[in-house]
Amino acid sequence: MSDGIRVTVWNEGIHEKQLKRCQETYPNGMGKAIGEYLEKQPGIGSVHYSELDSPEQGLADDVLNGTDVMTWWGHTAHDKVTDENAARVQKRVLEGMGLIVLHSGHMSKPFRRLMGTGCFLKWREHGDNGEKERLWVADPSHPIMNGIPEYIELPNTEMYGEPFGIPQPDQLVFISWFQGGEVFRSGCCWHREAGKVFYFRPGHETFPIYYNEHVRRVIYNAVLWAAPTRLAGGFTQGNVQPLEKME
Amino acid sequence: MSDGIRVTVWNEGIHEKQLKRCQETYPNGMGKAIGEYLEKQPGIGSVHYSELDSPEQGLADDVLNGTDVMTWWGHTAHDKVTDENAARVQKRVLEGMGLIVLHSGHMSKPFRRLMGTGCFLKWREHGDNGEKERLWVADPSHPIMNGIPEYIELPNTEMYGEPFGIPQPDQLVFISWFQGGEVFRSGCCWHREAGKVFYFRPGHETFPIYYNEHVRRVIYNAVLWAAPTRLAGGFTQGNVQPLEKME
Amino acid sequence: MSDGIRVTVWNEGIHEKQLKRCQETYPNGMGKAIGEYLEKQPGIGSVHYSELDSPEQGLADDVLNGTDVMTWWGHTAHDKVTDENAARVQKRVLEGMGLIVLHSGHMSKPFRRLMGTGCFLKWREHGDNGEKERLWVADPSHPIMNGIPEYIELPNTEMYGEPFGIPQPDQLVFISWFQGGEVFRSGCCWHREAGKVFYFRPGHETFPIYYNEHVRRVIYNAVLWAAPTRLAGGFTQGNVQPLEKME
Amino acid sequence: MSDGIRVTVWNEGIHEKQLKRCQETYPNGMGKAIGEYLEKQPGIGSVHYSELDSPEQGLADDVLNGTDVMTWWGHTAHDKVTDENAARVQKRVLEGMGLIVLHSGHMSKPFRRLMGTGCFLKWREHGDNGEKERLWVADPSHPIMNGIPEYIELPNTEMYGEPFGIPQPDQLVFISWFQGGEVFRSGCCWHREAGKVFYFRPGHETFPIYYNEHVRRVIYNAVLWAAPTRLAGGFTQGNVQPLEKME
């Protein structure tokens, strides 16, 4: 990775065209809000922006093959992503690409395929201002926690609550508290064959969460963590000769 | 579970019709070899036998809804199981049904959907007699280890080797040694939403592995372990009211 | 376990002698409040009561050797338990005895020895009535969740908050929400050699938490889960002969 | 970590004084064989060498406080390390120091305290040349696997076999095959509060294992992985005020 990690920010890009409040909060789009911080960080080689409206839904072979870590934000059009493209993202993760799934991306096709579960959850939008969330650090030794205080407080959020239909995380790094009475596993790490997946709950199409310095730092840390190990070899079904003599 | 666990033994049932050596080893079929031991064990309510050739591939709604734990053996016709039926097995597991996946079932559609990975592995058939395998107990506290010695030795097996493209098991209970020089995670437990999945490597269409007393005991223990917890409620995507007053 | 699980309820037994409010809440002592429910449940063979003031601190060899699962409540006198006795409890767990550690038992010597960490946490006693806690089910497939609703609400509790200095649980089954703004991993399972350990947060010397039907059910379920697998053999350091011929 | 990771190589240093064959294999001592490779790698700031015979057993406060990651080799004198020093190493790990425990270090006091278990295993020294070991990669996505082939073959080793009395690793990265018929979890990662622990099986006082390029690379990768996250804050028992208003 001598030239830095190649990041692709995948953004559904629909709320930006339809919701006035989204436009006000994210005048350059949510993708740019996520990527502009990454662009300036050490170790990042490049940030590419893809949207559902991009050619081949922003998931063409040359995009995927040129991506070390992809961030994924989608909400209202999960079904529009073709099964073929979802399968290709899944395949690339299994081959080593990191995947950072944000907020409502829990219902995206690539994430659900990689988890093997329904990924359902409870949710609530409360009035115009949502409600308070506090993300508590559950594993301070994890590299994604680098530079993060013992909790991140977000004053205005949409609630997500347990039960969250995911496999037990390999490492659980954040647990959220919500004003309305719920909890949520809001930072979850999984290894999947040669790749890594991080689910990070914060985000919303109208709340300015992707400008929060701690949220941005977590996403950046997660990109560093999810960058491919670049192991020689991969996973294949193969018929092999014995390594030992067998009479 | 006052009337005992309702088991369905699902068997592909093709080698039995085509391979003379399979017929010699398993004159009543592999399904029966797996189920006949279970039928006599305490806590088992019933054992139902399903095959790929059964109506609706042996996976009709009334079969699935009447099953607490399903064992799955398939090898040569994974693709024949329809995507719809594979999805229904997956859904039932997420709702609580236990699933015991045996040997070459690692490439079955329901297992791969539940894992979210490719589930590939190395393999080797060595001459007529295969090679020696020794399954070492890696977690003696696990209920599936009840009554099992510190290792199970199988003199004639087909080799399966790492890397095995699965998510890290929630509990790894067996690790196999092979004569030819490989190792394999051969007993793996996962929780998936309300259900449990156990992958158990031993088995083959011509080697008499499903008559081995320890292999049978492990499958029985796994049925007890995978039986549904029958939790009230389930996993749904839902919009909920706050539990706390929010001004 | 044909005659049922032999439970020992270990209770520090000091608040009962010193705190009027403890005596009012638990007129027969906290140990009895924990054990009287277990005594009536199916699968329980016997319930023995031990206290710090019992001979050999209630941890004599014949007590430990005759115990399948021990529940542990202590708070104000952790240091009074001798290092020798703490080491013997640890050793028995590694040999297969289940251990259910309750509430302030997180600072007990046997628990800290088994975890290998400090086991520190945040805490708060708020006025006479404490504050509200809600324990959310994080793993509905787990046997300890049998018969438990999606959350347990306790109106009056002492708060415990993250970071909780424990090893990542092998299975995390409850996450708590607190009125004052914190979260906590309040139901945690670990396998330790041939034994199992469950930490369960609810409890207090003056709040009537051990009369709550759900709390009692969880403790009972945990006893069933933690009962020894009774594997032949154990863990020893040993010099062994090769199983294969080596020239 | 702008000036690089500060490594301390702790070496018991007794076989070097007593065993001719150890002197022949490791003329500069085992510590130097482990450290000389690290000294030249990118990201390493300094390598300090400590031995049991060093002042304060090489574990003085200024040594521990100036160490980001410690490697530990001991075999014949585990009991000579004082309980106080073992407790101080444990405490430093919980505060963030990485610890790489090598081969027979599985019986060292700091490791056993951090694991909370006995850490026993089977072992065998076979003639003058030992036997063949093959370490298979079990998690190719893990950063410790960077640059490592699908297996590492060591022609001459002392055998270590399961059951290995450790807590289930948070990530299991290597599984060993032995010529004599055993398997072993030979690369194991744990998070412990703010610190990380890696157990790596290869090594011996007379076999030249610490000159093997892959073994050296694994130790280096593990140092990078175990370097402290340097989270603000730590783990303490503390009484805290509520974050939310409570009437």
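We call the chains A, B, C and D, going by the order they appear; numbering starts again at 1 in every chain.
The rule we apply is simple: a residue touches a chain if its C-beta (ideal position, glycine included) is under 8 Å from a C-beta of that chain, and two chains touch if they have at least 3 such contacts.
As the structure is a prediction and not an experimental result, all values here were calculated from the model.
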Type of chain A:chain B copy interface by residue overlap (half), same or different: same
Which of B-D and C-D has more C-beta pairs touching across its chains: C-D
Centre distance in Å when chain B and chain D are each reduced to the mean of their C-alpha atoms: 37
Gap in Å, rounded to a whole number, between the CA centres of chain D and chain C: 32
Touching two or more other chains - residue numbers and ranges from chain D: 134, 137, 139-140, 150, 161, 163, 168, 170-171, 179, 181-182, 191-193, 235, 243-244
Sites on chain C touched by chain D in the complex: 90, 94, 107, 113-118, 120-124, 126, 131, 159, 161, 163, 165, 167-168, 170, 179-182, 190-193, 235-244, 246
Partner chain B, residues of chain C touching it in the complex: 96, 134, 137, 139-143, 145-150, 170-171, 179, 191-196, 229-235, 243-244
Residue ranges of chain B touching chain D (in the complex, touch as defined): 134, 136-140, 150, 161-163, 168, 171-172, 175-178, 181-183, 185
